[in-house]
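You will see two complexes here that share chain A, one where it goes with chain B and one where it goes with chain C.
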Partner chain A sequence: MRKCSLNSLQSVFGKIASSALLYLPVDSADGRAVFSKWDDGTPLSNALNTVRSPKDFFFPQTEDLMRFKTEGKSIEVIDVREETEDFVVFGVRACDVKSFDILDRVFLAEPRDSYYASRRDHGVIVSLACTRPSETCFCSTFGIDAASPAGDVSCWKTESEMFWQANTEKGEALIKKIEELTEECSDEAVKEQQEKTARIMKKLPLAGLNTDAFGGGKTEELFDRPEWTELSEACLGCGTCTFVCPTCQCYDIKDFNTGNGVIRYRCWDSCMYSEFTKMAHGNNRLSQKERFRQRFMHKLVYYPENNDGLFSCVGCGRCLSKCPISMNIAKVMKKLGGE
Partner chain B sequence: MQKITKEQLTEKAVSLLRDGTVTHVLGWSAGEFDYDITPAVFSDEASLRKSFVWNDFCGANFSKYLVSKTRGIEGKLLVFLKPCDTYSFNQLLTEHRFDREKVYAIGIPCEGMADIDKVKAICGDGISSVNCDGEKLLVQSIYEDAPISVSPSDVLAERCVNCKSKKHVAYDELMGEDGDVLDSARFDEVSRIEAMSPDERFLFWQNELSRCIRCNACRDACPACTCEVCVFNNPRSGVENKSPANNFEEQMFHIIRAFHVAGRCTDCGECSRVCPQNIPLHLLNRKFIKEMNECYGEYQAGETVGSKSPLTDYTLEDLEPGEVFDRGDINA
Partner chain C sequence: MNRREETLIPKIGVITDVRIDTPDIKTFRVVTPDGKKAFDHRPGQCAMLSVPGVGEAMFSITSSPTNEEFMEFSIKKCGCVTEWLHQAEVGQQITIRGPYGKPFPVDDEFAGKNMLFIAGGVGLAPLRSVINYCRHYRDRYGKIDIVYGSRSKDDLLDYREIIDEWMTDAGVDVHLTIDREEDGWDGHVGFVPNYVKELGFDTDKTAVLCGPPIMIKFTLDGLVSLGFDKTQIYTTLELRMKCGVGKCGRCNVGAKYVCKDGPVFRCDELDELPDEY
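Entry: the complex of A and B
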């Protein structure tokens, strides 16, 4: 483990940014934290987390996949993929780091998604341990330790220092780069912080939320539960929960007619939308109740069924704070799990 | 603190259910932390007594729910309406969006609703409960031993700071006292933006609208947006889209929507309340309202049922198109 003083943090950021694009949470004018590109002196936000998740770096909301250009009777297919620049995302919380395990299983399984894979190959994730979780946090429900975040490098910020610990080869390389600006140290201060955070985690209002009622094989048990009607009753059918979610991964592929060709692009889609997965035969989920149920069954039953029991929620709490009607996965789990 | 209590509303709802006046109650259902309240339809006394809540976080405008929740029910639906909600109620009736016979509307006074983000700006994260029963909000945080006392006026939602009316314009029954239409400062921010140079103004909106993630929460919460299938969700419309594909689209979506609801928007403020990206969308609508007021005389959508907005009503006194053009030039 290595450390640097917070006074020298900007020099460390400068060193990292000398060979890769560096992104970190920055306070915006309206008081929210947003992942932004670091420039000389850009201060790190003190906010617990960003409104939009770091998923955006690897799976952006829209991206062009290819272009077609027509001339007379010929059609040219243009590959728009470019070599991804190396980049570092600093300040990713433990919950959001875990979301990459979930996304990787979707995008890196055969057939590999080359767009996503390229960004994963070129991206380094530097996590930052939480010390002041919010009432909306419930990462521990999914076995995530907010005080021991994974990632290529894990960081802990104390009053005066930043501690760095490499976890992967990519992480080792990054630590090597900032070797002169950091010093070898014991993990005492980190351990102390972790114990303190662990005590706070136990006090969180959602600390007791558990996954006992969910997981693979529970489809028949949960699908027709009468509670879905009540739970989905006020759902507006907007896409807020899906778009702020670090693990939602559904997308649509669409063609944009440019007049003399086509831009084929993909964009995030939301199972909350009425036209989601609409096919020639029509839509297979006609009511908002069915759409609502799909989202939670996917996270709590279907995904774990297909992925060795891994749930596709990380308890980041974004949907808890952003849903216009305050309906969310924690309430769904409590209601269906027998409160 | 609200002047009317949860207990009063619960007893009223229970008695109307018991005597058969209504069969369902559209109300607020308690959440995990006192501020995360979900609209709900109650149909029995037990669930009302268990979950019904009324406090400073009951901001959601219920009027739009009447469109879907009055469909297919036997009997009547009781709805509690805050003064601002009654304007949307009338506007929806003007547009024949729900069956008035299916609704029993009770007007309830409102002292303004709290914005949880403003509460958190003062008290920080980690809020486990908020007690709204006294003069001050008592905010309990997991990081503090004693509750933090907050003045409701310091955490009032923007739309409530600029409340346009405490008067109910629609109800079958009123609980508590009715208020008056207020002289609000709601157009001040619009005037500030009007005073900007065109470049400054463009930058202002570009900065705001570029944050849009096209979650459509503004549209889905908007009581003036009640198309069965929105043109932007209809694959056959040719303009269907699910994402901010480029800047033009981000900007156009909100401007198109503002035009669509012009003359029908009651300025209820739901669009800005629900925006996860804190975009002040209500300012677009307020600009339109201000323009119409200045060009065609004061008009408040939803003030009465059946009124025609200046945009759909021709009078000989209307501004000539040339005058509108000149206005545009002056304000450019």
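Entry: the complex of A and C
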């Protein structure tokens, strides 16, 4: 483990940014934390987490997939893919780091999604341990330790110092780069912080939330439960939950005619939207209840069934704070789990 | 430049023939610009066709893999992409990618079996591939029965091929039906599910169904009442798809993705899925 003083953090960031684009959570003018590109002096936000998840770095909200040129009856396909520039994302919380495992199992499964894979190859994740988890946090429900975040490099921030620990080859390379600005140290201060955070985690309102009622093979048990009606009744179908969710990855592919060729692009979509499954000859999910159920069944049953029991939720709590009608996965789990 | 393979980036296909099958179905012959098949496929698999600027959609490949020269798609006019395709002329380029999905188990579970194919309307399109595959390798299968129905005589897909080829094959019985009486039709009149029950097939067969959801439902019930087990019955599903490889999330039903775990399902497998297809 290595450390640097917080006073020298900007120099460390400068060193990292000398060979890769560096992004970190920054407070915006309206007080929200957003991942932004680091420039000399850009201060790290103290917020618990960013409003939007870091999935944008690998799976952006919109991206061009290819272009077409058409002339008469002929078509030319233009590959617009470029190799991603090396980049580092600093300050990713434990929950969001876990979300990359969940996205990887979708996008890196054969046939690999080359757009996503290129960004994963060129991105280095530097996580930052939580010290002040909030009442919307429930990462521990999914076996995530907020005080021991994964990633290529894990960091812990104390009153006066930043501690750095490499976990992967990419992480080792990054630590090597900042070697002169950091010093070898013991992990005592980190352990102390971890114990303190663990005590807070146990006192959080959602600390008791568990996944016992969910997992692969539970479709029959859960699909026709009468509670879905009540749970989904007020859902507006706005899709905010899916947009802020670090693990939601459903997408749409659309064509845009620029007047000078066609761009085929991909953008985030939501299973909460009425047109998501609409076909020329019908729609297999006509009601909001069916769409609502699909989102939660996918995260809590279908995804784990296909992915060795891994749930497609990391307990980041974004949907808890952003849903306009205050419905969320924690309430769904409590209701269906029999609490 | 990112040189990795990418399934979402399609190849160019050229429409080399357009056959008007029915008032709203045309069959398109597609090859690559150098005159070859875009890729090999198995019976029951699908391909994504697109018209840049209009959109991309999944279609079953109606030609048999034993056809080594070209692929065919029977397409009903019912949405943006299909309407555009219906106006396309020979020589028009489109894009094509695939093959996608799990095929019919023609070399495994179907081998040596008597086959019963039941189709309604444009539902014949995915079955034509497997029917012609079985006809090509005739000695690998037992007796072949085909029940096919549509609204009217004019709505019967592949009519010339059915009359000239399928009906003249030894060991192939074709049973056609249309929904309502019409002049010049002396064949059977009535809906497919009822006709299947009237014909009263022995259960020593593997059945393959495709058609409108309501037809599939009632035909399946009919076969079960004749004594068929659901493990003897296969069908092919259709849901909205964007990627074709189980990532975009659209065709997810239960823990399955119709694009990669289907579109072919054995009917007992469907019982394990939520009723959302």
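Everything that follows uses one rule, which is that the second predicted complex is superposed on the first by the 338 of 339 C-alpha atoms of A that agree within 3 Å, B and C clash if a C-alpha of one lies under 4 Å from a C-alpha of the other, contacts with A are read in each partner's own complex, and residues count from 1 in each chain.
One rule holds for everything that comes next: a contact is a pair of C-beta atoms (placed from the backbone, for glycine too) under 8 Å apart; a residue touches a chain by one contact, two chains touch by 3 or more.
For clarity, every value in this text was computed on a predicted model and none was experimentally measured.
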Partners on chain A (chain B, chain C) - clash or fit: fit
First (chain B), second (chain C), both or neither touched by A:2: neither
First, second, both or neither for A:206, with chain B first and chain C second: first
Touched partner set for A:105, first chain B, second chain C, both or neither: neither
Chain B versus chain C as contact partner of A:252, first or second or both or neither: both
Touched partner set for A:278, first chain B, second chain C, both or neither: both
Inter-centroid angle chain B-chain A-chain C after superposition on A [Cα, multiple of 10°]: 90
Partner chain(s) touched by A:269 [first = chain B, second = chain C, both, neither]: both
First (chain B), second (chain C), both or neither touched by A:335: neither
Partner chain in contact with A:289 - chain B first, chain C second, else both or neither: neither
Partner chain(s) touched by A:177 [first = chain B, second = chain C, both, neither]: neither
Lowest inter-chain C-alpha distance for chain C and chain B in the superposed arrangement, angstrom: 8
Footprint overlap on chain A, where chain B in one structure and chain C in the other make contact: 252, 254, 269, 278
Touch list for chain B against partner chain A, complex: 31-33, 36-41, 60, 65, 117, 121, 124-128, 142-143, 213-217, 219-221, 229, 233-235, 240-245, 273-274, 276-278
Residues of chain A that touch chain B when the two form their complex: 30-32, 48, 51-52, 61-62, 132-135, 200, 203-206, 230, 233-234, 236-240, 242-244, 252, 254, 256, 265, 267-270, 273-275, 278, 320, 322, 324-328, 330-331
Contact set on chain C toward chain A in their complex: 1-2, 4-12, 50, 52-56, 78-79, 82, 89, 91-95, 213, 238-240, 242-243, 245-250, 252-255, 272-274, 276-277
List of chain A residues in touch with chain C within their complex: 65-66, 68, 70, 73-77, 79, 81-84, 106-107, 109, 111-115, 117-118, 216, 219, 223, 249-255, 257, 262, 264, 266, 269, 271, 276-282, 284-285, 290, 294, 297-298, 301-302, 305-306
